[in-house]
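Each of the next two complexes has subunit A plus one other chain: subunit B in the first, subunit C in the second.
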Partner chain A sequence: MVAYGSKIRIGDMQRVYHSSLAPVWPDVAIQSRNTFQLNPDLAQNPTQCLESSAVEHGGCGSGTIWKPCTGSTLLSVPKFTDKHDWITTENGIGPVGISNFAQEALGDVVYCSLPEVGTKLNKQDEFGALESVKAVSELYPPLSEVTEINEALAENPGLVNKSCYENGWLIKITLNNPSELGELMSEKAYEKYIKSIRSENGTPK
Partner chain B sequence: MLIPFSMKNCFQLLCNLKVPAAGFKNRVKSGLILQSISSDVYQNLAVEDWIHDHMNLEGKPVLFLWRNSPSIVIGRHQNPWQECNLNLMREEGIKLARRRSGGGTVYHDMGNINLTFFTTKKKYDRMQNLKLVVRALNAVQPQLDVQATKRCDLLLDGQFKISGTASKIGRTTAYHHCTLLCSTDRTFLSSLLKSPYQGIRSNATASIPSIVKNLLEKDPTLTCEVLMNAIATEYAAYHQIDNHINLINPTDETLFPGINNKAKELQTWEWIYGKTPKFSINTSFNVLYEQSHLEIKIFIDIKGGRIEICNIEAPDHWLPLEICDKLNSSFIGSKFCPNEITMLTNILHRTCPEDDELHSKWNILCEKIKGIM
Partner chain C sequence: MRLPAVRLVRLSRIPYTELLALQERWLRRLQAEPGTEAGALLLCEPAGPVYTSGLRGGLTPEETARLQALGAEVRTTGRGGLATFHGPGQLLCHPVLDLRRLGLRLRTHVAALEACAVRLCEFQGLSGACARPPPYTGVWLGERKVCAIGVRCGRHITSHGLALNCSTDLVWFDHIVPCGLVGTGVTSLSEELQRHVTVDEVIPPFLEAFKETYKCTLISEDSSNCSCYHSWEVLLEKHQD
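Showing the complex of A and B:
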């Protein structure tokens, strides 16, 4: 049982839900499956306050999305790495791509080098590369297995520039360890991160 | 100034570069200029890999100067069959290398200088590097008209390409390398960089051919030695470091642990040819038979440098369909490489040992097929 007011991690969510969440949080609206939307007023109440830093912030506007961990993490908004990749998964499966900041910095992508379906990706390994204006930029994956690659990029690598969050996705993966997503940045946190990079460096070259 | 560098000094220098600035603000400008004593393209490319993978370049950029004996270097995602005359290269003993950076195909010989600028990812700035090169050239010859283009080429007199650029951006480090034509064999360059292979369909990155010129042709004082020294001097001035060019031996495992494995990997067939993006060949050739020409059609799909689909179509009266099919299926999975075809043909011969006429037809076909490899 997790004490109120204590910091929790994604792995702890399930216990909170099962033991106390339903009766204590009358304004919780249950969305699909086990995704919850919290009424922001509840954050004022100290006995119901859980450290927000332990939880993903979604872009839903009405509060925080809680993600109970029942063996896989449900995520419906993108998370970002400090290497400017995004990942959006449901049940631990989903697409990976590069952010708008990254595609702008790269310039026109002329070639996408992606791994074979079935490849097991390690965090430290390069999973592929994007070539743009004679520069090859390495891509680093989340920890996963490749289930699909975006075949459209073979004929049309420019999709990465034109539609980096939708049609320009690079690969689809199955996460080995969905709880590691908790280490990644939310959209808001990522926006702060790139602001700090821009002010430090000026425009990318 | 060239200083033959003792191993001990160099090792210490490299070790210092690996140690990150420890807790205090390191305002001392730092950097390193290295020059390879080797002219082996694989060993020199391995130095780039090693520095990229192992050196901490925070506040300590590196310039690497190198030249190669006659070689062709293709970009990371290129197709060598599309880019150069592999038959001619085999005849002349010209090495083929695939680099890890992007960009197009270049010819190297001892009349070409290669410059590699290593920095952290944050400090990666190709135009800054090229401006440095232009300043160095103008320091030697103030009247020289050299400009950098938007594509990061250097043009002499507004029209002749004297330098091409490519780069690689890693997790924390990046490098930008470029060529500089001083006294390269331009005729040989042109013939090597002309591919004779027809009917290739590929989405590999293609080179953009340019008219080139040597700096030495413009001004006889602009030799490789003069230019390497001038660039080193300018680099040292810009980074406020000592103007020392440190000679390094790229095969020295005490300086560069693991480097020989990197050089080996760069020489494997799997890297050089196997990394070619998937492509197909759709072409035909003629064979002479009883005083008439017969057309043989070829459709081949190649993935990872190996034949995935093979469709050789010959007129049935010259080569029966089932014999043709036998040939087709025997090629599947083999490397797209003349030696493999020779070996496969020999194996096929042994399946029909008495049939001389068939053997000679098979030989004709295989010679033609080797000709497109």
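Showing the complex of A and C:
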């Protein structure tokens, strides 16, 4: 579920949608995200969606934010695991990293131990580890095969703390079975999960 | 509210590799059935000299060969931290704990290990012991480290822990840069108190510090071998049922 006001990728460009759009676009458009694609025209002219009605032309007027997607270039927003990893995928390939909750909990990362490109991963096996001075945390994959590792982390492991969702990505994987993504948590569900951990522990984090 | 119960596994002098094997068994046990147990506190005194390195390394092949020539074992581990030494006269404590059962995060676990060692030093009459922020994690008396720390965590289960110098022969540390910290020193309780402090002497106050810090009880794995210190704890556990 994409929250209003959050950054959404349009092709390779990003725009921030303000909450004033919320009354215009009902949740049903967002819930259909798997079969819709963001209107690329809005990259050039984001306010077009306010000027032109979505119901023109059978629901695909120039102001539509979401258009039906016939190709396979589906974009998704991050999904989360209960081990505090996130994954986003485009065409079944995507980066994996750790969440803000996890990078805060770790403290300053001083070393990233990542697998080799081509390694096939099992959900149950650790794919790597992060060290935050004297404490090593194992990393577990959402799924699949490693296609790329973030080489920048060798010189600059602190990227995991500074930019855990962007430059601090750890590995890129291919999904063997894209339906496994459905088992992971949406951003909202993950936020609820963190809240429940915090209240379970009873200690401020 | 009942405190979580951690199993006390008190081993005598054993080779380091045996401690690692036992740690591995506990890790598998806790990871196989998460949430059922709080974990185990493995305590021992290493039987012989061993140098270890962490996930990032800490010992080159040349250094390894040199250390082996001195008669020590050299082992790599997956813990945090760089190179350190373990040997007779040292209290080696590996808490294999389910952090969620104890309401801890990894950072607070590291801080708790430091707090245990600081408390123990206080019990021994050394009030100047303190923890220092990274990269000086560990417990210090002035510029000298008395307790080294390095842990690992997977699926909320911890392994490795701390090494507290009681009467360790500190000369072994001269052959490495302990924890990669150039220019710092190493000390022991015996050195600081100017008398021979054994590992056995230190264990009961250490266990007190552990229970206080982790807010848990300790139950002995083998109640027939319990010393008087432990048997009343076991009785209390039974009465609470």
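Basically, the second predicted complex is superposed on the first by the 128 of 205 C-alpha atoms of A that agree within 3 Å, B and C clash if a C-alpha of one lies under 4 Å from a C-alpha of the other, contacts with A are read in each partner's own complex, and residues count from 1 in each chain.
Convention: a residue touches a chain if its C-beta (ideal position, glycine included) is under 8 Å from a C-beta of that chain, and two chains touch if they have at least 3 such contacts.
Just so you know, these numbers come straight off a predicted model, no measurement behind them.
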Will subunit C clash with subunit B on subunit A after the two structures are superposed, or do they fit?
clash
Scan A:E183 for contacts with subunit B and subunit C and give back first, second, both or neither.
neither
First (subunit B), second (subunit C), both or neither: which does A:A154 touch?
first
Chain touching more of subunit A, residue-wise (subunit B, subunit C):
C
Between subunit B and subunit C, whom does A:D82 touch in the aligned arrangement: first, second, both, or neither?
neither
Report for A:E138: first if it touches subunit B alone, second if subunit C alone, otherwise both or neither.
both
If we overlay the two complexes on their shared chain A, which of subunit B and subunit C does A:E166 touch? Say first, second, both or neither.
neither
Residues of subunit A at both interfaces, subunit B in one complex, subunit C in the other
83, 110-111, 113, 129, 131-138, 140, 200-201, 205
For the subunit B and subunit A complex, residues of the former touching the latter:
75-77, 100-104, 122, 124-127, 151-152, 165-171, 203-205, 277-278
In the complex of these two chains, what residues of subunit A are touching subunit C?
83, 105-108, 110-111, 113, 126, 129, 131-138, 140, 200-203, 205
Residues of subunit C touching subunit A in the complex
54-56, 78-81, 100, 103-110, 134-135, 137-138, 149-155
Residues of subunit A touching subunit B in the complex
83, 110-111, 113, 129, 131-138, 140, 154-155, 200-201, 205
